[in-house]
Amino acid sequence: MFFHKQELQYKANPDKPDAVYARKLQEVLGGQYGEITVALQYSFQAWNAHIPGKYRDLLFGIGAEEMGHVEMLATMIAQLLEKAPLGITEDSIQADPAVAAVIGGTDMQQAIVAGAGARAADSNGNPWQGSYITASGNLLADFTANANAEMQGRLQVARLYHMTDDHGVRDMLSFLLARDTMHQNQWIAAARELQESKMEELPVPSNFPIKKEAREVSYQYLNFSDGKTASEGSWASGPTPDGKGEFTYHEGPTTSAPMPPPTHPDARFYGTTEIPNTVEKMAGTVQDKLNRE
Amino acid sequence: MFFHKQELQYKANPDKPDAVYARKLQEVLGGQYGEITVALQYSFQAWNAHIPGKYRDLLFGIGAEEMGHVEMLATMIAQLLEKAPLGITEDSIQADPAVAAVIGGTDMQQAIVAGAGARAADSNGNPWQGSYITASGNLLADFTANANAEMQGRLQVARLYHMTDDHGVRDMLSFLLARDTMHQNQWIAAARELQESKMEELPVPSNFPIKKEAREVSYQYLNFSDGKTASEGSWASGPTPDGKGEFTYHEGPTTSAPMPPPTHPDARFYGTTEIPNTVEKMAGTVQDKLNRE
Amino acid sequence: MFFHKQELQYKANPDKPDAVYARKLQEVLGGQYGEITVALQYSFQAWNAHIPGKYRDLLFGIGAEEMGHVEMLATMIAQLLEKAPLGITEDSIQADPAVAAVIGGTDMQQAIVAGAGARAADSNGNPWQGSYITASGNLLADFTANANAEMQGRLQVARLYHMTDDHGVRDMLSFLLARDTMHQNQWIAAARELQESKMEELPVPSNFPIKKEAREVSYQYLNFSDGKTASEGSWASGPTPDGKGEFTYHEGPTTSAPMPPPTHPDARFYGTTEIPNTVEKMAGTVQDKLNRE
Amino acid sequence: MFFHKQELQYKANPDKPDAVYARKLQEVLGGQYGEITVALQYSFQAWNAHIPGKYRDLLFGIGAEEMGHVEMLATMIAQLLEKAPLGITEDSIQADPAVAAVIGGTDMQQAIVAGAGARAADSNGNPWQGSYITASGNLLADFTANANAEMQGRLQVARLYHMTDDHGVRDMLSFLLARDTMHQNQWIAAARELQESKMEELPVPSNFPIKKEAREVSYQYLNFSDGKTASEGSWASGPTPDGKGEFTYHEGPTTSAPMPPPTHPDARFYGTTEIPNTVEKMAGTVQDKLNRE
Amino acid sequence: MFFHKQELQYKANPDKPDAVYARKLQEVLGGQYGEITVALQYSFQAWNAHIPGKYRDLLFGIGAEEMGHVEMLATMIAQLLEKAPLGITEDSIQADPAVAAVIGGTDMQQAIVAGAGARAADSNGNPWQGSYITASGNLLADFTANANAEMQGRLQVARLYHMTDDHGVRDMLSFLLARDTMHQNQWIAAARELQESKMEELPVPSNFPIKKEAREVSYQYLNFSDGKTASEGSWASGPTPDGKGEFTYHEGPTTSAPMPPPTHPDARFYGTTEIPNTVEKMAGTVQDKLNRE
Amino acid sequence: MFFHKQELQYKANPDKPDAVYARKLQEVLGGQYGEITVALQYSFQAWNAHIPGKYRDLLFGIGAEEMGHVEMLATMIAQLLEKAPLGITEDSIQADPAVAAVIGGTDMQQAIVAGAGARAADSNGNPWQGSYITASGNLLADFTANANAEMQGRLQVARLYHMTDDHGVRDMLSFLLARDTMHQNQWIAAARELQESKMEELPVPSNFPIKKEAREVSYQYLNFSDGKTASEGSWASGPTPDGKGEFTYHEGPTTSAPMPPPTHPDARFYGTTEIPNTVEKMAGTVQDKLNRE
């Protein structure tokens, strides 16, 4: 169950209106790595978890916080839009190119659809979607997904920080940046703990019988491009992070197989085949069969 | 530039047709973590990279290999469909529940749209989409995204391995599993090398002036759920992975702020406000203004 | 802020596994009118609201409850999948058409992607999306949207009720049905209260100066089809619900205007025009201009 | 069957070009509540209707009119774009910030893809989609959906009215506003008539045996937020609109249930479980089983 | 304007219910090349056309017919679902694998969402979307798009013809097949007429000053694959269809250029660069600048 | 298999930064008819092909080239963004309307998400999607699809050519225009060769027994609009392109059928029916049945 409290975790008051920036903030509200994503991603991971206890508690604990971040951003966006020119007074637009420029850069739907409010969409207006979420049931994979989400998220907030000089907005972003720092650290710590406990190991999924994979190519770097320095990295020689092999470097593939011949599905799919298949030329059998049906 | 060779990296020949399985394989071809995703993700990361040399070479080198994996899967899928019942002979369906069951579980569009061929879609028929890709320009964030993609991908292939007993299919999957093992190891190695070289550090982005974030909450685990064991993990006490702090544990938020009052945008957005806004009741000014325009 | 409690509002325990039903339940979790929709819809309406007090409190109060319903459904789905055949043992499938039939009807991604877990998607596997949400800032419009959402939602739950005889599932659905009954009543009551208070009236938006609309067609039923009984309803004669007019009935339009002539945008858009525009025929001016650029 | 007549229901001629406004108009052509939505929504409701006669005639009658509104908007958009700067002459853009601002705010695809024409998309460029449609077969639910669609639609047109001072555009909008007024009134009248005839009642679906829902919570307002005024509305006490109960007010839930324990699906889904599952530690049975397959 | 008549262009009555087939028919109603696509595609082409007269009349004339085909398919689908098992009686499902198989293959949303009705979606349940439409303003390009749409459409209907032995369904399909034959012929005839009139020529757009393209590569077949027979076709030697050149064949590219060096955008995008960018190592200038802001 | 070479097919160096143009170029990279579409479309057609040899070689040969065009565009876009104002320095924006205008017209996600890089999306920010691809297995249909794709693609590039005066950009576009000229010619040549070889004929699919279609309407132009000149084209009289008939012209339909009566699915779908279905009025049987379940 979720309970809502009519307070924010941190203040979300801009100094001044800025409709273009309100559009930009949509990215970290409703984008691929926005707050809706992490709120629902951590929650679904908890609901799909197979062990009770600290890992699931961690997921629930952060997931609910992120839902509150959605609220902070939505609240901030509404205020950035409140007194901003949003195209409602066209006359002034005509007169002032600076205002016109702002209008051009706004999210049209924040104005026309939401009446100067936030939306569940990103900075280009694409609606948020469930396919942004990752929740596989394998915690090592998912904690890595979470670490990535917090990295991408903090990166975007850092960029946004430099796209405004509004003290109120920057103040809120400084809070979100700190929380992203925390969550990056937490998911990395959790992934490590999983591995140290031997509950999960590399490669994910570690429980899959490794002898069933084609081990001869498990540690070969097959360089399908012609980059000269590809062999210089720690990914091309030396021990592998999973502790089970040694990297080797190869230019191109070490295996190959002929392409199987093209398929010949049922004639009633009407794919083009090498047998001329027009009515005139077709030998009786196939065309007759088609006719009879 | 890309050059195509009419060979496969590994053989892709099923022992027997299996249309339901052909649908399942679509997940690792055209799903969120399928081969189209990684092929294009690594390529876009290379195109958006800001440094020449080994890291970019690595991205190009693996990206092109993954494009070949798309081909292996598409080839396998076409063969699995080639002789399978796909609903084209309805009479037999009626007669045999086992066949009917298979038809029910197939991807309708593989038959009706592709004529017994593969599609750029996942196992539920959702078309692949560009928003699955991550390519931020920050290599530590992106290599973490890549490690996650290879983990989720190998996890899905491992599950698919147990969903068939076809030796030909399993043989191909054993190859893909091995390559996913390799790529997991490579992205983890690359992320480590980036950090050891001090080119990137935690938290991402490491170059953002950390004093500009609200450091007082940078290492607080704020548990917004009531899970009792949340404080037991390495994410709740002790040093943080970024080497810059100590985790502390807190039940709920350590900060709060009042919600700002609701916004009052221009009356011409016709949002509901506390001022009764019907024609009858409205004081002259606003309604008159609306009428005059 | 949102706080999570590791309890459910009502029990969510099926009697037995049922993977096909787990897929069906996705509709009311992640479909157009599923619980994610109403949870976020009411929350966004609250964040975009322009008046403090009882209406916004109502939105926050129900929104957070709905988030808990997402959790109940996700929990139920995971249990329905827990022991169900999901294709992981293909051998048994081949042997038993009844099991094969079940596999065919399952959500492939619940198995392959979520590892026998719930997803933020509907019963056909389409991911949930932000465009399902309505939050316009106009409360009379939005409460009507909410009433509709609860009607469609309860209708779907009622249908799902008859698609299972599992007592545990039906028990949970009986709870959700009751809550939908409540919420239908609440949004209707709220819409009435808004109108009785004269804060909003029909037609929405009531504050728009009505004389600015083409009043001569404001109450004409223009029947663009040939249905003989179209004029018999209360929508074709008598007073209108907004209290401002009388319905009249007309076969077809009462107005018409000629189509404006086709447009002639800049020649460099290369649209087809009546002026032959090939290189040979074109008079010097246009083609010369294109060549010069 | 549908028949087309090369006339418009009302004139659609702008006074002057305005490319930014052409983009904005896309919202009511191809947005969530645009004319494509209502045209197809009413048509699908008619095709899915289960009774002949006046209700279905009403759906067909309005549906076909709305298709003509799509045409009016597409025609208007093409004219607004006809002579407008759309980026085709970059030199002038560089020189004039006012023109540059206009370019920035245009729909890029109207120019590049449609050659200065309208598109089946909204004002942020998202393509129209079938999931905007509601057609459930239950007329009370669907008429409520329709009333909402007309309210949201008229609200958007009202906002757009204030975003231009072009007399031609405003003239067309005044016509659309009037038709939306009519259709709001019609759907509300139809919903009332359905209820008065006792064919449908509240709660939807009224035919579902109400004793099968958990009646003890059917009229409880469970406030999951802390808003102080939540209990003041007509939704918190007094008789319910369905005429079957009395509202009561409660802070938080009146029921609760423990979360069921996490699920343990088949080991071959490779979810993380509390049993250490690495190769080294795993007791023979499970890992042996995996190896054997 | 569009006018609806409550008649069908051809009869649409199945002999018997068939829910799986009802799902399949969705492809040609709401799929990429379904009737919604062609109805709206031809209409948008007409609205975006730049010449009055016969070409636009053709577009309007066929567009409105296709809208009636949507209706025929929706009507057929509702009847196929009317008496079919759709999962509403689970008991019988358990007992009969043949029925269970049917349920598994149905469109879940036709049952749960539409109440046994048609939807604006394809056979995998993906909602129809506006991006399926092509309407560029260039008639030669668009008539080619239309010819393709009718070919893909007739191909799909032909496949569907063999997926049923229901005489009523086949009767309706025989009508749609004939209309697709007609429309293929019409668009091909129209494309020819355009070219013969010299209003449009190859290559599209023919009005673009051809000397501005890099003519040296305009007729080179650059084979980026290693297929041995690639040079044997009429596309590799001889005159070109546009009448302006001679095909030549080349293995691989005839031109090449070095990749430009990676970009170095503003440091505040926090992309990874070769300059070690951690706080410790960074020379004063950049990091100081970041700190100062 | 695909091999990558770190060279471009043609140089891709702009003279100067231009962020708005970088957004526009996204259309031909990641739009409906962009390079990702053709690269994957031709590849999927090859993988779904049913004949070895020259046609499949052609598909592979062009498909791989197009993948290199994606790379050229991504490289160009990154450079156009490299030194362009992207909103990172808000102070200057405020001061200079011309810069502000540029910011307003940029792709927000190129900046915030990709860090001044290219994305797999179109010029309005919609992510590329797999449903843009056509690969049916029928080569005549698919080559027509390809011809259309190259026509639409070249048309868009031609429009983009006039939206910049940057010599470097125009140089690259002149190369792409030439390649589109070539590919238009090739697909048209291939479609002709298929028909001349009698492997495929019109109408597609030519192998379908034509007597099974309703031949009486196969060549009737049924004009469902009132355009006076509709009968003047070569599509309304004279021989048909498939060589099998004569066009005839008709105003409106030549056939019609009554609409079947509305369906009556199971009462448990709770659709509205003419039988009053409230609890009070319903005769015992149905309601009793519902209650009993």
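Letters A, B, C, D, E and F mark the chains in the order given here, with residues in each chain numbered from 1 onward.
As a convention for this text, a contact is a pair of C-beta atoms (placed from the backbone, for glycine too) under 8 Å apart; a residue touches a chain by one contact, two chains touch by 3 or more.
Given the structure is predicted, the values throughout are model-derived calculations rather than measurements.
Enquirer: Which one, C-F, A-B or A-F, has the same contacts as A-D for more than half of its contact pairs?
Expert: Equivalent chain pair to A-D in C-F, A-B or A-F: A-F.
Enquirer: Where the CA atoms of chain E average out and where those of chain F average out, how many Å apart are those spots?
Expert: From the centre of chain E to the centre of chain F is 6 Å.
Enquirer: Determine the centre-to-centre distance between chain B and chain F, using the mean Cα coordinates as centres, and give it in whole Å.
Expert: About 24 Å, centre to centre.
Enquirer: Can you list the residues of chain B that touch 2 or more other chains?
Expert: Counting only residues that touch two or more other chains, chain B contributes 1-9, 32, 48, 53, 55-57, 60-61, 63-65, 68, 75, 78, 88, 97-98, 100-101, 103-106, 111, 113, 115-117, 121, 124-127, 129, 131, 136-138, 140, 155, 158-159, 162, 205, 208, 210, 212, 224-225, 227, 253, 256, 262-265, 268-271.
Enquirer: Graph shape for the chains shown, where an edge means the two chains touch. Line, ring, star, complete, or other?
Expert: complete
Enquirer: Mind pulling up the chain D residues that touch chain C in the complex?
Expert: 6-13, 32, 53-58, 60-65, 68, 75, 78-79, 81-83, 86, 88-89, 111, 115-117, 126, 129, 131-132, 134, 136, 138, 140-141, 144-145, 147-148, 151-152, 154-155, 158, 161, 170, 174-175, 177-182, 184-190, 192-193, 202-205, 208, 210, 212-225, 227-230, 232-235, 240-242, 245, 247, 253, 255-260, 262-266, 268-271
Enquirer: So in the complex, the part of chain C that touches chain F is made up of which residues?
Expert: Checking each residue of chain C against chain F gives 155, 158-159, 162, 268-270, 293.
Enquirer: Quick one: in the complex, what on chain B touches chain E?
Expert: Within the complex, chain B contacts chain E at residues 1-6, 48-53, 55-56, 87-91, 94, 97-98, 100-101, 103-109, 111-113, 115, 121, 124-127, 136-140, 194, 197-201, 205-212.
Enquirer: Name, in rising order, each residue of chain C that touches chain A in their complex.
Expert: These residues of chain C touch chain A: 1-9, 30, 36, 40, 43-44, 47-48, 57, 60-61, 63-64, 67-68, 70-71, 74-75, 78, 113-121, 127-131, 133, 135-138.
Enquirer: Under the stated contact criterion, what part of chain C meets chain E in this complex?
Expert: It is residues 20, 23-24, 27, 31-32, 97-98, 100-106, 122-126, 155-156, 159-160, 162-165, 224-227, 252-253, 256, 261-265, 267, 269-274, 276-282, 287, 290-291 of chain C that touch chain E.
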